[in-house]
Amino acid sequence: MQGFLKSEFFFNYRRSASAIIGSALMLVFAIYVAFGPWLVAQNPHDIASLELLDSFKPPAWLEGGDPRYLLGTDGQGRDILASVVYGARISVMIGVTAMLCSCLIGTVLGLLAGFYRGVIDSFIMRIADIQLSFPSILIALFLMSAVGTGIDKVLIALTAVGWVVYARTVRGSTLSEIEKEYVQAARVAGLPDRKIILKHVLPNVLTPLIVIATIQVGTFVLIEASLSFLGVGVPITQPSLGLLVKNGFDVLFSGLWWTSAFPGLAIMMLVFGINLFGDFLRDELNPRLK
Amino acid sequence: MLGYLTKRLIQMTVVLWVVSLIVFMMMSFTGDPVFMVVPIDATDAEIAQARRILGLDQSLFVQYVKFLTSIFEGDFGRSYVFRQPALDLILQRMPATLEMVLVAMALAVVISIPLGVYAGAHPGSRISKTIMAGSLFGISLPGFWVGMMLIYLLAVQWGWFPSSGRGDTVEVFGMRVSLLTADGWTHIILPAVTLSLGTMAILLRITRAGMMEVGRQDYMKFARAKGVAPRDVLFRHGLKNSLIPVVTIFGLQIGDLIAFATITETIFSWPGMGKLLIDSIYRADRPVIVVYLMLVALIFVVINFLVDLLYTLIDPRITLK
Amino acid sequence: MSVSLKGRSYRRFLATACTVAALLPGAALAEGKSVTIGLTADPSHLYPLAGEELSSNIMYYHLYDPLVKRNADLSFGPGLAESWEVLDDTTWRFKLREGVTFHNGNALTADDVVFTVEHARKSIRPDLVANIAEVKAVDDLTVEIKTPQPYAVLAMDLAELLILDREYTTATGDEQMDLKPVGTGPYKLTEWIKEEKLVLEAFDGYWAGKAGIQTVTFRPVTNPATRTAALLTGEVDVIQDLAVRDVERVKREGDFEVLTRPSLLNVVLAMDTREKSPTISMAKNPMTDVRVREAIARAIDVDAINKIVMNGLATPSTQYVPSSHIGYVEGMNFREMYPHDVEKGLELMKEAGYADGFTMTLDATNNRYVNDAQIAQALASMLAKVKIDLQLNIMPKSNFWGYIRVPTEKSSFIMSGWDVPSGDAGSMYGALFYTRDKKEGYGQVNRGSYSNPQVDALVDKADSTSKIEERDGYLQEATKILMKDIPMVPVHYEQDIYAVRKGITLEPRVDKFLWAYEMDVE
Amino acid sequence: MSVQKQALLEVRDLKTRFYTFAGVVNAVDGVSFSVGRGEILGLVGESGGGKSVIGFSILGLIDPPGKVDDGEILFGGVDLRRKSEKELQKIRGKEIAMVFQDPMTSLNPLQTVGEQIDEMLRLHSDLDGKARRARCIEMLSDVGISEAEKRLNNYPHQFSGGMRQRVVIAIAMIAGPQLIIADEPTTALDVTIQSQILKLMKQQVREREASMILITHDLAVVSQMADEIVVLYCGKIVEKGPKQDLISKPAHPYTQGLLGSIPKLHDRQDRLTQIPGTVPDVRNLPQGCNFRERCPFAQARCAEEEPEQHALDAGRSVACHFPLEQELAP
């Protein structure tokens, strides 16, 4: 820890306003994820607990507002603040889980492709090439339309579009790593492939993935929001931030702006925070740019 | 060049084939399109007749083989819903989408490149930091939300722009174009702005990164040692060198714009092929989805080809192989 | 001219059926009047035999005419047939109007009617002629139609069969008919730019007199919010399906008028009555017990749904069919029979042996009915109060119809809508409540597997009489049984909500088919 | 044997610092030297010794976080540090030109070499297009590139490394500068090419009666080329003097160490093996003499007191408490 506090990384972190703001925003959302249910009075996902008669209350500071509902309520009597906290949980959990799945699958495939070359390599990389020729949102949209809606389906779709970037990066680093003498030596020494990959190659290809993974969470949050906005994302009973915006859109013209404005703002803050921090990480961890 | 073209052509064929195969396989998971066509109380016999007419009574494999063979006769299948050739349906709507994408792209380029060059050349300045923060907001904003807010404020509250549709169009070479009428322009502005925000931010960031990367190169310092003014160093030596990543991203961004046009078109009721895709997804209209994705893949291949050509124009070290 | 808005319109139909009552547009003809209408979707077709959905239907009735005309209030009157008579139990003779021409100048003849029936049978819409066994032209202007069995409401069915020109349709081909429609209707197609606009021009030679509005432009604006905006910014004069939440706002603007009309679309909840139900993990399906079904009915606060989810713009259903329909029992009200009463619901659950409740899944859409997903959520919160834990399985309509399709292997509880524009409960009862797999063409959408021999018998009787009064009697008997058995909970009729710029006269039609011929512009 | 002519460039007490996160780096710490007209000065030292920074400091091309903090850079008697950026642009290239280490990267890959040579003339001469072109061809032939006219239209990647450095030299020479700063001009080249390029540079400088600062880590190179030699260690001058004297009789142990490491023939291996240890961390210099820890002759005083520069005989000076006396065997 002492070492970290003295490190160049931490030095630059302290001096970078964007890194601090970014990580602070991320922290806020991390708190939502970890402690969300204890922070707000209502569980907006428990439909049975909702009071239909409390629907469409404006924010508390406006006329007709109810102090119980700081940011107002939606058409089902759901507290917007609670919905945003719970929605952010869903959005973040989807983003992070999909990122972890993508990272895991992509890294494994990238290692295999880079280490064994040959047919495995060409097969994996051709799939990656074809996939990269389509924008992620289009692939995700198509997959969702085929497999149907649901959080699990969103995760599948996001993972399906997310693994490629890891596979390519890891493959590249692996290719250069296995040329190095110590790996060659380990191979000559007859160490099993699994050990070489895990002990020698893997640790050396992970650093660039940190930046990719960070930024990808933000990308995934946005893709998920877009899918939900188009009605092919998460189920309406567990609305993510994107679905909250969509639900709010339907009533925006009646002047019920708070139902979409706050969730939209939350998406923006979340992704903005992730991108700010990701930018900082990119500058720090990419030695080429220093 | 010939070898390059052959390679590209083979690549394209493979991509298109894989796309068609995947779409066919995946679409077997979706709802049965026949239910989107028959009345709600249709009897089994009526449903069977509809299936027969739509060609859905055969196995998926047979359907796929039929689809492939008829492609060679220029027939890409018929929409289940419209009973019209799927390709025609898409081609009719393509100009509207391309038009919007074009305007969005132009907006993005005109705004982001100069700002990106500035921010890359003056990394520490307050203005650069503001530009960069703005660009981060640009990539963090959900596009549909921006579209909503634009309609709400600019179209409904203040009435500056129409809220939806394409406005007056003029027919040019059989394509309907709205860029030639004032009314068309007022209609295209909001969707194009909505669509371009993300691309604008990304192009800006890439331009800046390219400029900064180039700024570290010896030839930039060498140029200054030659006595070239800093401004000229930036534009004469820097800009062109930083363009290669920009061109790459530019190509990718056209793809993204076409993809995100689906959402923008849905919000603004823009009669383009993106909206057709979303509608077709809602209606499980497989033939349209297949052809749309194949067409988009084709567009991407063409864009990649153009990007490659552009590389050779920018960088004498690159040749088409 | 039929003007009844409510009540037993078929009686009026009988009274007026054989009189010539040409509809004349109210306002004086004025050249150059035009109107722009914002629809929820672009029509898929302009060819009546290619498919069926609302936007297409709206276009069909501008471009074509049926033999029998359905009026705005669901009363029926002469269309292309100026009169008809029933020759025997199964034979009807229709006399065609003289001097009717298609847009291309061809005269309407009996042969065109024969062609239309035959062509429909081979098309994707054989249901249009399902109750026609045989059709023949007696002379140029007389057609004879035979039904397979006595069928009292043939004329009402024929209101949906739009007459094609044999010569033109054959020459053009089915595919091109979608793009170049020619019919006898009051308007003809000028221009159709898909997803942008569809422009119709009044047909000079319309048999009932040229339309008052010369040019009608339809613009598809799918998104409800955008549609509202299009009206408010003056891009369109009329919009269909104003979002319920936007009603207040549009009214406030002052320059606009909101028109509502209860539709025929009854949102209903089908309950599985099989011994074992797919989403209920109990050995015996609780809903086989009528007390449980009643408890569900009592748990649902239809008024609250109406007030909050629908913004007061729905009409709670009193029976399975609207009061205008054959088979409706005057004075019977589901709401009064099973008023909202959670206490009573809990009691019934207890009596039936389900004091601890049970868990099941509701299948519903999120893009088919007005606020459908919100209704589903409200239902979950209401049923929780009688200890039924309702899981929601909400999907887009593209997946829905296949998913809930009979034999409903995955569903226990389904929310859907039922729309009977023919003005008769028979088709609904036959499709929804007739025992499954008993008779061809019956029970095909009986999603709850409800089976009651008495109901079956009554439907059979109704379908084998050619006398409307008899049919009405049988169907009313069936209604009474169904209301006691509760195979489904009727929730509400959606209201069709239109908004128009002030100065536009529009009387919403019960069948939702906007018809410019009946509209006027100041 | 160098003749002390009137100084073209005089650097006095130059201090260039880099302000990094971990502290201030004194890259150049009070360096003074002068270059006479027609003279070739060798700036020698190990990598990281602040040699290149001197070159860029002279041209005013130190970018943040670096900064020239103190000192005077008198060029023809005028202090360049007082000149505006605009004025400096007129001096760069025209009066003082620079040759970079790596010809692979110092040429713009997207411009033809013709354009890049021509740019100098456009900036620093009044010639018209035709005359400029003729001049470019002439210059290119001068630096030993055959078919010069044709090759003007080639791009840098179409040249070999040595040819590219010839192009760079052509660019440096074409505006007729009085001073050329060559920063490790041959390090990136093959050994066989190195001497050709050095010969070319020397010939060009002599022909034009220009002066040159040759920055290198390689004393062997300097011994072939320079008239005067300045030896730098940790941003400071440890010894300077005329080439012959300094090489035959090094006074500073560091210079001696460098001389011991002159490769025999073309053997580039084991460079500097004579000097044990490594250059200390410039952010964290030890008290006393910077070289003390690697010096075989270090004594107690070296750890306490930093040696001052003091004059020896004819134009020589050294910064050492205990300068060497003995003549080095040739």
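Each chain carries a letter (A, B, C and D) given by its place in the written order, and its residues are counted from 1.
Everything below uses one rule, namely that a contact is a pair of C-beta atoms (placed from the backbone, for glycine too) under 8 Å apart; a residue touches a chain by one contact, two chains touch by 3 or more.
Bear in mind the structure is a predicted one, so any value in this text is a computation, not a measurement.
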A-B compared against A-C, more contacting pairs: A-B
Centrality ranking, top chain (CA atoms only): B
Far-end chain from chain A, centres as C-alpha averages: D
Separation of mean Cα positions, chain D and chain A [Å, integer]: 52
Inter-centroid spacing, chain D versus chain C (mean Cα positions, whole Å): 91
Centroid spacing, where centroids are CA-atom means, of chain A and chain B in whole angstrom: 23
Intercentroid distance (Cα basis), chain C paired with chain A, Å: 45
Of all residues in chain D, the ones touching two or more other chains: none
Touching two or more other chains - residues of chain C: 225, 229, 367, 396, 398-399
Chain B: positions in contact with at least two other chains: 30, 148, 156, 266, 281-282
Residues on chain C engaged by chain A in the complex (per definition of touch): 224-225, 228-229, 243, 245-246, 248-249, 304-305, 308-309, 366-367, 371, 373-374, 376-378, 380-381, 384-385, 389-390, 392, 394-396, 398-399
Chain B to chain D touching residues, read off their complex: 124, 217-219, 221-230, 237, 240-241, 314-317
Chain A residues touching chain C - in the complex, by the definition given at the top: 47-50, 52-53, 55, 75-77, 145, 148-149, 231-232, 235-237, 249-256
Complex interface listing, chain D residues touching chain B: 56, 59, 61, 64, 85, 89-94, 97-98, 100-102, 105-111, 119-120, 123-124, 155, 157, 168, 171
Residues of chain A touching chain B in the complex: 18, 126, 130, 133-135, 137-138, 141-143, 145-148, 218, 222, 225-226, 229-232, 242, 245-246, 249, 252-253, 257, 260, 264, 267-268, 271-272, 274-276, 279, 289
